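Take a look at the structures below.
Shared between the two complexes below is chain A, which pairs with chain B and chain C, respectively.
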Partner chain A sequence: MTPYDAIFLALLASRCINRPQQWWLVVLAPLLSFVIGSLEPLGRLTEPLTALFAVALAPRWAPVGLLLVVPEYSSLTESIVAAAAWFLLDALFGSLLKRVNEDAVTPHLRGWPIQLLILGVLYYSFLPLVWI
Partner chain B sequence: MTETKHTTPTSKQIFAEEMHFGRVALNLGFITEEELERALGAREELHAAGVDTLIGDIMLDRQLLTSAQCEQILTEQDRLLREAGLLSRVRAAPTIGLVVAGMVPVLSHMSLSSVLTWSGALLIGFAISNRSPWRWVGIGWLASIIAPGTSMASIGSSGSLLHGWRRPLGAVLLGTCLALIPLPETLHQAGPLFLLAAVVLALFRKPPTKKNTQDKNHKGEQA
Partner chain C sequence: MSLFTGPLIHSGKTNRMMMTLVLVSLTPALIAAVLHYGFTAALLVICALAGTWLTELVLDRQHAFDGSALVTGLLFALLLPVSAPWWLAFLGGVLATGLGKHAFGGLGCNLFNPAALSRVILMALIPGAWFVSTAVTMDGITTASPLARESSMLAPTLAELLSGSTPGTLGQAAPLAVLAGGLLLASLRTIDWRIPLTFLAAVAFLALLLPASERIAGHAPWLLGNPLIHIIGGGTLLAAFFMLTDPVTAPFAPVGRIIFAIIAALAMMLIRYYTPYPDGAVLAILIANACVPLIDRFTLELGAAPRIKTPQSF
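The block that comes next holds the complex of A and B.
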């Protein structure tokens, strides 16, 4: 899974579960994944430790944290960018959802379909940044 | 211990939202006051035991509600939350959990053996586990020992998103189909899959009508 796909899947997952009080700790998941992954002495313990830390950051939001550690981050910069991108996109997605007037949306698209469409549009809007 | 937990704003909010779900179900005439109280009591007991379950799931498990009624309540709840300016608050959405979990194998570019391990871990996990993410980390670890190369984070994230028995089965079917069907490479990305899921949901989901709601209310009054 690419970090970009993981960010968007985590965004969708975050809308499925009640947001815990310290949800923002999940932002640290990509950084932890990279740091633990770069510690060579850990060997085969790398993945279990990463998963445990991802859950420990916000147990109620474990699926979000775990999705953010699925990709292998190749550098510290990539993990920081992924964390920042997730944080900013979460705020943007939330803001866009607040602005959607459901009365103006056709009944078949109300609820999850419109949210998925917004995520799809955001995905393609920011895709050029991945190439950069 | 339980009371201490309920004094935190988040727990209060969640409890209020759960209460809201129950109230909407009551107002729509799907359940009686007594059934609501019993379901809330059951939720409290589970919460005290450290298991966080949604009131809707309890009602579904006890067959107080059908899946269609549950969807109708969630739609109505969304509308009420919007009116109250609370749209930013999120709530459980089991169907989307299934969709997210089902997308994991195709987006992870899993091999056939990894997809089978992922599916097996999910199904075995649901037979022996609840929604605790810690247990899912353990199950993912065991699966990755048996089949090296399988991502335990993929298993853990998928498993902790799902509950009940239908959704894991649905996620396994969806995940296996998406991973095994030779889809164009462009569909192995989250964006097109979101758009596809939106179209499928829009086509196959029955939007609630005012007439249905009124009929249900009438039935509730008669009951």
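The block that comes next holds the complex of A and C.
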């Protein structure tokens, strides 16, 4: 799974769980994943430790944190960019959902379908920027 | 006691009036495309218009005759390469109205430009259908355009770009016709002139400012540092005057509209310079549309005076 895919899955997951007070700590997950992954002496403990710290960042948002530590970040820059991208896209996605007039949306598209449509549009719109 | 919610001030322009003006402004570009590409272009336009209008008729009979569906259909048709099959034009029209507009609640409720949204959905779902003869090298590449020429080819001349003799979409057949239509809309105050002016200025500035990247193969050297090619080539003019200016998907405040145009220009130029996508105009429109609620939030909180939105969408 690429960091880009992980970001969008994390965005989706973040809509399933109520936002705890310390939700923003999840932004540290990609950085944590890279740092722990680059510590060679940890060996087989790398993955469980990464998962443990990802959960510890914001326990109620563990699924979001875990999704963000799944990809292998090739550099520190990549992990920081992924964190920043997730944070920015979370704000964008949230603001778009607030703008949706739920009462106007056709009943069978309300809720998850319209959220998935918006997320899909965001995914394909920002996809070319991965090249940068 | 009666309670009302805003906007309470009416601009005096009805939906039908504004849509008619947009249709009139798009007519020169439409005629140029049909004269340039012939029957195939006419067929694509008819199919796209049929797709949007029939969908509008089924989903919202009340607005089927106000011209908004025709504007969406025409804009979508102008985004099509002449090599696109007729069914893609029809399907795009259906998606533009069905998903781009009515999925969000209909006229005035959409978050993204319907024509651009439909184009991107079809690019993602059936990328191979956009071309008949031109090679597609990766998912999502849009169309052959002057910006997609092989690096070994010579730069298109200004005359080539203006006459539409370079391959491209229907909307690129006559950039001067698009410009004339856009200027007409701006002079009649149907669109906010700040958006196209800022967008085009930012495109020119970024074309000169952005450094070349060696990583992306296929970009011709003449593509870099050449503002005129980026303004006239690709979908820049159509985006500047007809798509970014859609009042429903643009920010409220004038300051916000300037920020919005800069974001669109930046996104388009980053895509053109540093990715294998030949023309990022449509994707840049959607990226800028996605930023609108946040832009509105910040500009309105900063005290920038909001402009009255007219409930229409093209």
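Methods note: the second predicted complex is superposed on the first by the 132 of 132 C-alpha atoms of A that agree within 3 Å, B and C clash if a C-alpha of one lies under 4 Å from a C-alpha of the other, contacts with A are read in each partner's own complex, and residues count from 1 in each chain.
Please note the rule applied: a residue touches a chain if its C-beta (ideal position, glycine included) is under 8 Å from a C-beta of that chain, and two chains touch if they have at least 3 such contacts.
All values derive from a computational prediction rather than experimental measurement.
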item: Fit-or-clash call for chain B and chain C when the two complexes are aligned on chain A; value: fit
item: Following superposition on chain A: angle at chain A, chain B versus chain C, Cα, nearest 10°; value: 110
item: Chain B versus chain C as contact partner of A:131, first or second or both or neither; value: second
item: Of chain B and chain C, the chain that contacts the larger number of chain A residues; value: B
item: A:31 touches, of chain B and chain C: first, second, both or neither?; value: neither
item: First, second, both or neither for A:117, with chain B first and chain C second; value: both
item: First (chain B), second (chain C), both or neither touched by A:98; value: both
item: Touched partner set for A:67, first chain B, second chain C, both or neither; value: first
item: Partner chain(s) touched by A:17 [first = chain B, second = chain C, both, neither]; value: first
item: Overlay on chain A, chain C to chain B nearest C-alpha distance, Å; value: 8
item: Overlap of chain C and chain B interfaces on chain A (superposed complexes); value: 98, 109, 114, 117, 120, 124, 127
item: Residues of chain B defined as touching chain A within the complex; value: 8-10, 14, 17, 52, 74-75, 78-79, 82, 87-97, 99-100, 103-104, 107-109, 133-134, 136-137, 140-141, 144, 151-154, 156-158, 160-161, 189-192, 194-195, 197-199, 201-203, 205, 207
item: Chain C residues within the chain A interface of the complex; value: 99, 102-106, 109, 111-112, 117, 120-121, 123-124, 140, 216, 267, 270-271, 274-277, 280, 283, 286-287, 290-294, 297
item: Contact footprint of chain C on chain A as seen in their complex; value: 91-92, 95-96, 98-101, 103-106, 109, 114, 117-118, 120-122, 124-129, 131-132
item: Parts of chain A lying in touch with chain B, wherever the complex brings them together; value: 1-2, 4-6, 8-9, 12-21, 47-48, 50-52, 54-55, 59-60, 62-63, 66-67, 69-70, 94, 97-98, 102, 107-114, 116-117, 119-120, 123-124, 127
